[in-house]
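Take a look at the structures below.
Same chain, two partners: chain A is paired with chain B first, then with chain C.
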Partner chain A sequence: MKLLTLNFLTCARRTCKSSPLSFPLHPCDAELEIADVDFSLDFLRNILPRLEWDAMVALCSELSLPLSATVPAAAELSGAGDEPTQSAKDLHHLLLETNITAGKLVCGNCGHEYAIKEGIANFLLPAHMV
Partner chain B sequence: MSTQPPDSSDYESEHVHQVYEQIASHFSSTRYKPWPIVERFLLSLPDGSIGLDIGCGNGKYLSVNKNVYILASDRSTNLTKIASTHQPHSALVADTIALPHKPASFDFAISIAVVHHLSTPERRREAIHSILALLRRAENGKEAGKALIYVWALEQKDSRRGWDSGNDQDVLVPWVMKEKRPKQPKKNRSKDSTADEDPTKKDENVDLENNSAVGPKHQSGEKTFHRYYHLYRSGELEQDITHADGLVLDSGYEKDNWWAIASPKS
Partner chain C sequence: MPWDDVNTAPEILISGCTPRYGGAGRPDQGSGLSGKRLGGGGLSDETWLGGGGLGGGRLGDGSGPIRPTRMLPTPSTTHVSFDNVYEPAEDSFLLLDTLSSASETAFLQERFAQQCPLVVEVGTGSGVVLAFVAANTSPIFGHSRVLTLGTDLNLFACKAASHTVQQALKESASQSSPSVFLEILNTDLTGSLRPHSVDLLIFNPPYVPTETIPDPPKHGIDDDTKSSSKSKNSTFDRDSQLLALSYAGGADGMEVTNRLLDQLHSILHLQRGVAYILLCAQNKPLKVQERLRNWGANWSVEVVGNSGKKGGWEKLQILRVWRT
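Entry: the complex of A and B
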């Protein structure tokens, strides 16, 4: 599961959604792996304004991955001739190519743990928790 | 006469979730051609839109538009694994009624051939409600997020199954899975092992009801699974959306299916 996904995930329990503690979920015992994804400057430009940057910074720090404390400005993503900058390439690598292949995602509100196996996160809840 | 199934998610677990988990690979090999209404909806989205594919199956709609970002989900782990190969999107295992996303935050959603697997009117409306709840509300002149919902129709008298108004709306539909026979020459293969998908021929090649046409080859190495469906009658999808606090923006019929595009009420 690519790190970008985590920007859009909360706890699946209805009772947790109103709590700010349910976002972002906290990775635990995470195993990371890199997988190539085609680079698209437009995709990156479009997705950046939709990120909850503070949450992504917190997440990356939990995973000991580098992410600048402030959102890069659009101008920082491309240079002359619309060539992507190193900072754009780094962001692509971090958000789209860095995957959690195994581990858990933990809700900061209820403590429920969602397993990640073979790169697939499982959010199914036992009936009494829905 | 309606054989109303028991009001229970256990029923769906047995007659929907477990079946898809077991037929995942074979099912996926028959599902690759996008349906036109769905393709048109996905291609009409502005670049950079962020949305959901709820009940994504093998993820066949994830290859339609790479300029949007889709978080896809399905109950079946085996189908989700297949779906997760489509970049730049993401796929995860989750239940339609308990999705791990923030409410009111997505630009669009699609839910194709999913809601008809829920076994009571209440659960179908709850599913639609939970899909709409994830969409952005209209604000500052920007319109609300949109969901495309697509369900199997009762009225399909020209299809191979031949159901039509007046028939039972709650049905168990067989899926026949054949085991691969590696050395069988191609031309001798029975039709049901080379499934291709076309909205007009949905499930045709795995339809048990007509297996006499296939002859004795059917006798060995096959297994039949039954999936529960609620077949929607004309107008019923729109009613369910209205009950789920949704606004129907557009709706129609396409090749044995009813579809609607809906937004949450502001």
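Entry: the complex of A and C
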């Protein structure tokens, strides 16, 4: 699972949706793997406004990965001649190339643990928990 | 099990929401469900295609609607085992053709010109539809700043779809820069997605009217994926159950679709949200449309694709439901 995916995920239990504690989910015992993804400055620029930056910062610190506390301005992503800056490359690497291949995602509201196995997250709930 | 009831066969035929049974290239026809059902109903392939026009239409064999040949490539699903994953059929192809039609690409290009839309397909099955979108974002959206994500209850489908999308992205030469595929989540409908996060939702639901809907699989909950330790029979039962999940829609074939429709308010993006939902004739599509029109002035509904008329009625149609 790409770290970027966590920007769109919350607890699957209906009762948790309205709680701010259910986002972001907290990675636990996460095994990380890097997989190459083609770099696109256009994509990075446009994904920035969609990111819940504080949540991504919190997530990254839980995974001991570096992410600056403030959102980079669009101008910080490219230099002369539209060359991507190092911070653009780092952001790309973090959001798109860093994957959780195994571990758990834990809800901060109800404590439920969702397993990730072979890169696929299992959000199925036992009937009594839906 | 519904399969054992000969009387359910005609229903399944009409709706088209079952794997196609072309027979060609399927070495194990006899051991799978298809053999069982065809045997039970005494239907030859000919009857099958004649009755429902299943999968025949797009090939221009005269039995289906006249639809232009698809200009964009159909993603390959040859790696998928259709013993427990829904095989792409006429419904899947209708979605491909609708999403890449002139009217829909114009609509999507205007709506998402300046955006980085999140496209979510619910119930990906083999992944053929999501892979098609992911590999063709330039012709469909006019750019490739697009995120794709899928969900399915069936873990085998999740794995298959993930493979299908990644492969299609690799093979898509039409893209200057490829779109970003996030993942396939093993979840119920839009289960674990954040409210109002989805820009474009696609759903080809289990839409065949049935008495019951099978219980969701308990992947991981009781570790039923370790099929190697189980008998052949229980693997067969599990696969039957998973296939049933792909077509069994309960009352009017609408039970799962209704649950998804109810989620649209909370899952679709508050300004840009749009959904493409496939219905079949037995879903009482006019009633469904009427219900959606009652959602009020902030929503619009339109039929944007159909499989052509057969015996006076449209077998399959695709609704576009969007916030206005």
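By definition in this document, the second predicted complex is superposed on the first by the 130 of 130 C-alpha atoms of A that agree within 3 Å, B and C clash if a C-alpha of one lies under 4 Å from a C-alpha of the other, contacts with A are read in each partner's own complex, and residues count from 1 in each chain.
We adopt the following convention: a residue touches a chain if its C-beta (ideal position, glycine included) is under 8 Å from a C-beta of that chain, and two chains touch if they have at least 3 such contacts.
Remember, predicted model here, so these are calculated numbers, not experimental data.
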Looking at the combined model built on chain A, do chain B and chain C fit side by side or clash?
clash
Per the contact definition in the header, classify A:Leu96: touching chain B only (first), chain C only (second), both, or neither.
both
Kindly classify A:Cys11 by the partners it touches after superposition: chain B alone (first), chain C alone (second), both, or neither?
both
Under the stated touch criterion, which partner chain does A:Asp42 make contact with: chain B (first), chain C (second), both, or neither?
both
By the touch definition at the top of the document, which applies to A:Pro126: first (chain B), second (chain C), both, or neither?
second
Is A:Trp53 touching anything from chain B or chain C once the two structures are fitted on A? First, second, both or neither.
neither
Do any residues of chain A touch both chain B and chain C, and if so, which are they?
1-2, 4-5, 8-12, 17, 23, 37-38, 40, 42-43, 46-47, 50, 96, 114, 118-125, 130
Chain C partner, complex, touching residues on chain A are 1-2, 4-5, 8-12, 17, 23, 37-38, 40, 42-43, 46-47, 50, 96, 114-115, 117-126, 130
Going by the contact rule at the top, pick out the chain A residues touching chain B in the complex.
1-2, 4-5, 8-14, 17, 23, 25, 37-38, 40, 42-43, 45-47, 50, 96, 114, 118-125, 127, 130
So in the complex, the part of chain C that touches chain A is made up of which residues?
115-116, 118, 143-145, 147, 149, 153, 155, 158-159, 162, 177-178, 180, 182-188, 191-195, 197, 216-221, 266
Mind listing the chain B positions that touch chain A in their complex?
9, 47-48, 50, 66-67, 69, 71, 73, 75, 77, 80-81, 84, 87-88, 90-95, 97-103, 105
